[in-house]
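This report refers to the structure that appears directly beneath it.
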Amino acid sequence: KNKARLLIHCPDQPGIVSAVSEFLYQQGANIIESNQYTTDPAGGEFFMRLVFEAEQLPAIKEELEKNFQAIAQSFQMDWRLSYVYQIKRMAIFVSKELHCLRELLWEWQSGDLIADIPLVISNHEDAREIVESLGIPFYHIPANKDIRKQVEAKQLELLKEFDIDVIVLARYMQILTPDFVAANRNKIINIHHSFLPAFVGANPYERAYQRGVKLIGATSHFVTDELDEGPIIEQDISRVDHRDNSQAMKKIGQSIERSVLARAVKWQLEDRIIVHQNKTIVF
Amino acid sequence: KNKARLLIHCPDQPGIVSAVSEFLYQQGANIIESNQYTTDPAGGEFFMRLVFEAEQLPAIKEELEKNFQAIAQSFQMDWRLSYVYQIKRMAIFVSKELHCLRELLWEWQSGDLIADIPLVISNHEDAREIVESLGIPFYHIPANKDIRKQVEAKQLELLKEFDIDVIVLARYMQILTPDFVAANRNKIINIHHSFLPAFVGANPYERAYQRGVKLIGATSHFVTDELDEGPIIEQDISRVDHRDNSQAMKKIGQSIERSVLARAVKWQLEDRIIVHQNKTIVF
Amino acid sequence: KNKARLLIHCPDQPGIVSAVSEFLYQQGANIIESNQYTTDPAGGEFFMRLVFEAEQLPAIKEELEKNFQAIAQSFQMDWRLSYVYQIKRMAIFVSKELHCLRELLWEWQSGDLIADIPLVISNHEDAREIVESLGIPFYHIPANKDIRKQVEAKQLELLKEFDIDVIVLARYMQILTPDFVAANRNKIINIHHSFLPAFVGANPYERAYQRGVKLIGATSHFVTDELDEGPIIEQDISRVDHRDNSQAMKKIGQSIERSVLARAVKWQLEDRIIVHQNKTIVF
Amino acid sequence: KNKARLLIHCPDQPGIVSAVSEFLYQQGANIIESNQYTTDPAGGEFFMRLVFEAEQLPAIKEELEKNFQAIAQSFQMDWRLSYVYQIKRMAIFVSKELHCLRELLWEWQSGDLIADIPLVISNHEDAREIVESLGIPFYHIPANKDIRKQVEAKQLELLKEFDIDVIVLARYMQILTPDFVAANRNKIINIHHSFLPAFVGANPYERAYQRGVKLIGATSHFVTDELDEGPIIEQDISRVDHRDNSQAMKKIGQSIERSVLARAVKWQLEDRIIVHQNKTIVF
């Protein structure tokens, strides 16, 4: 395809939209979608996502990027250009609960998640059958606190070997080290089974039941060094009542986890997310 | 204030965003918000809403509009410029049920609906007290099918006298004639107490109860000649179950009607709505 | 297990709850759940669902039923006793779109839908692989308007052979004859891809798009002779906006269809639904 | 009216429903609604709410209660009988933000909240006009940390003088002392402007904005000594996105606060809530 997505972040000032759209017009590109957000028109931060189409895009790609440098510099832009024809490569990490993995594979099969999935990594064998039945290589890497370093070394090697762009923790119940996180900044999407910041940490459904909440939820977020404190991408909730014990909450919650994680991954694959100061702008 | 909103509709083609943003930049205007939508990048319809800020806007307004003509013509634009400092003038029509009127007045009092309300018109006396207690003139114009023409003549006169921009039918239970509608095209916002197109016409809650639906809803839309067939602006629903008879549905529904109408009116006052082929684009 | 569910429907009058609960107590049964609803305490219809537990239930089942006859007669009850240990037998009909089938099979695999699934019937081959991979017999019975009678004869034979209690139309796009429906009264659950009564019939997403609705939905209902007019079991909706064309609505809608149908089927398997005058009471 | 509501809590064991319904039948009462819940059929806690109708209820009230004692004792019941003709008496506490007060008064005026409101208490003058315009006495009692004891002494005196059953903190921004709470156990309903347990304490919208959540919410709960830790009655949420700053969240949140508090108060007035171990059972 001849489509690309341009993500921009810079200090706000007059003339940004004009300069960028003029540039794209000069390059023969047609803007299809455009979203912008500014934290404050006077002295704030400016964010924009543009989708454009240009004939022979793969051929003119390099020149386009080179030419854009001048504009980018004059406005002090952080920017990123993604080409729709360059399919993103996604690795999925999973443990024993497979509902999130299944949802992702399903959406992938039906063409709703546009990505290559070169591998699935798990610390258990439970997911092997479903993964391999779809022709995806499955790597069983047992893990626990004591061997974390070795485990992550193997994982990082695989991620590198397969040139992975997005890592999805589809209920992977292991904590990652700061080194692993640092090596994959804003690349790791986790699903936490509570509406954060409520019930950070272990056993959120049990604790939700103990607290007697009337809503339970799920949160997908980028992983940072602080457990469950990374930038939130998407959240949703479902109603529960006094008849729902923690087991029932878990069942209800699984359905929310599935859809919340699938939405977050989809947005990441479509380059809709910009991280800024531990928050996300989702265009 | 120095803010204005520019709404554009034209055939899609490359260069629109560039031309418009370049123009605004030349005029010293800073784009604060921008939304666009195209039905099809190749040969479709293009829609855009821009909010911009310019110093001394009231002073340069006329020249700005004149200068924009050239661009507008070259792209065959339908366009509209609204100035935030020109507060819109809103008339509310109501009958005996006051919940929607109350919600609007409440939002208006608390500053969430930015409008002048020079008058409320009703075919009953029920709303007089609440309206006059806020210092708003109240006009009681009895109405029924047989005197529709005379009634509307009086109403049109008042609308003209008070220079009204937006007419809100806040549960005004009279049908308007094609003449009245034609004189106020895309200016009249109605609230219908069902999720259209279900239950067009009278007694939607009673019919919802008879049909045994598990959801009831409300729809705000622009009024056209076809009853309840105008462009939908906003809809919402609430759950009901077998214990809710039509009376209970009515109570539950009133809360949806209030919020759905208030949102639609707010969007209209903020120039967020473009009507196209019996649908709305809401930016 | 020693659990059973008792569904009752009779004219309302004082003493029903007392008589039934006294009876169960005498039989050594402990009431675990109880729900009741009356359309009108004075001269209305009374509905109740009780879940009870009794030791050695399979052994005392027949006597229990015989003894209950006296009470049932004195209150003119319609009633039904289901035993949790008698797993219901469910047939799934499907065409080419598999998302609803998949959801049901998934919930079934994970133990959320307690049923036996002795067969899946389809007029296409698309579902064969997924169905047979789970060890469920798959019957391909091509169908069209002209051979409806012969097709249904085969289907009815299979339903009889496999002693089917519940028929789920998981996006089976054929219309059933009155004879087929009559032979399976209140046994056939369909999923319609709109929030009924809006968009009865074909192509609801296309028509929803044309109408410009801001919500789309799905409805599960029992099948009757009137197309899409049977008793509604469950409905849900999702927001859409002007950017969603009918294709996008279809994608969004599939997720609603999945969950709405799965809930309806679950409730039917748990004997939670009583049909009364083309409506459902869902306890 | 001849209606009453019976709330029961006792250890679960066979025969409770039978004994209670048999008793009511003997007394000539007709059960209109019935809900029950058990934490565990074997050795758990049993909860029930019954609504019944009996002729001449005010006249037979005392004997009914006396006769019920025997059953209550044999099953070790906590129980409460409320008579619909004895309208509950509700005091509202408010500070400067009036949206929750307004919603309650509105629902009260339109007959949706059945209660007497003998007084509104505030530490500010803002609410005086709206309260007195409805003929409700308004008490201005300035409050701050240093004079908490004296303030509460005055408040308790008023509550006693007016024989108050329900105290609603409709955004009353003062912390109550353990003595005040102890004197009104399970009688004080608060609205907190977050989905608890997220954002306990001050400035929840500001903190929600800082954390970058995609949902904001409100929680109504009974007040206990632990700040924002009391039994949750009702919660709801609304979506926000990156464009919503804390001010926008506050506006959106006010609408949730209004409906969540109104529902909780309604349920309390209808005797639908049983508190058990810092949780609520809401029938």
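The first chain written gets the first letter, and so on, giving A, B, C and D; residue counts start at 1 in each chain.
Throughout what follows, contacts are C-beta pairs under 8 Å (C-beta built on N, C-alpha and C of every residue); 3 or more make two chains touch, one makes a residue touch a chain.
This structure is a prediction, so every number in the text was calculated from the model and none was measured.
*Asks:* Based on mean C-alpha positions, I'd like to know which chain lies farthest from chain D.
*Replies:* Relative to chain D, the chain with the farthest C-alpha centre is A.
*Asks:* Note whether the interface between chain A and chain B is symmetric in residue numbering, meaning over half of all numbers used appear on both sides, and answer same or different.
*Replies:* same
*Asks:* Quick check: more C-beta contact pairs in A-D or C-D?
*Replies:* Between A-D and C-D, the larger count of C-beta pairs in contact belongs to A-D.
*Asks:* Between chain C and chain D, what is the gap in Å from one C-alpha centre to the other?
*Replies:* Here chain C and chain D have centroids separated by 37 Å.
*Asks:* If you average the CA atoms of chain A and of chain D, how far apart do the two points sit, in angstrom?
*Replies:* Here the centre of chain D sits 42 Å away from the centre of chain A.
*Asks:* Which residues of chain A are in contact with two or more other chains?
*Replies:* Within chain A, no residue touches at least two other chains.
*Asks:* Determine the shape of the graph in which chains are vertices and touching pairs are edges (line, ring, star, complete, other).
*Replies:* The chain contacts form a complete graph, every chain touching every other.
*Asks:* Please give the residue numbers of chain A that touch chain C in the complex, ascending.
*Replies:* The touching residues are 99, 102, 106, 110, 112, 133, 251, 255, 259.
*Asks:* Would you tell me which residues of chain B are touching chain C in their complex?
*Replies:* Residue list for chain B touching chain C: 37, 195-199, 211-215, 217, 231-237, 241-243, 278-282.
*Asks:* Quick one: in the complex, what on chain A touches chain B?
*Replies:* Against chain B, chain A makes touches at 13-15, 17-18, 21-22, 24-25, 28-36, 38, 41, 53.
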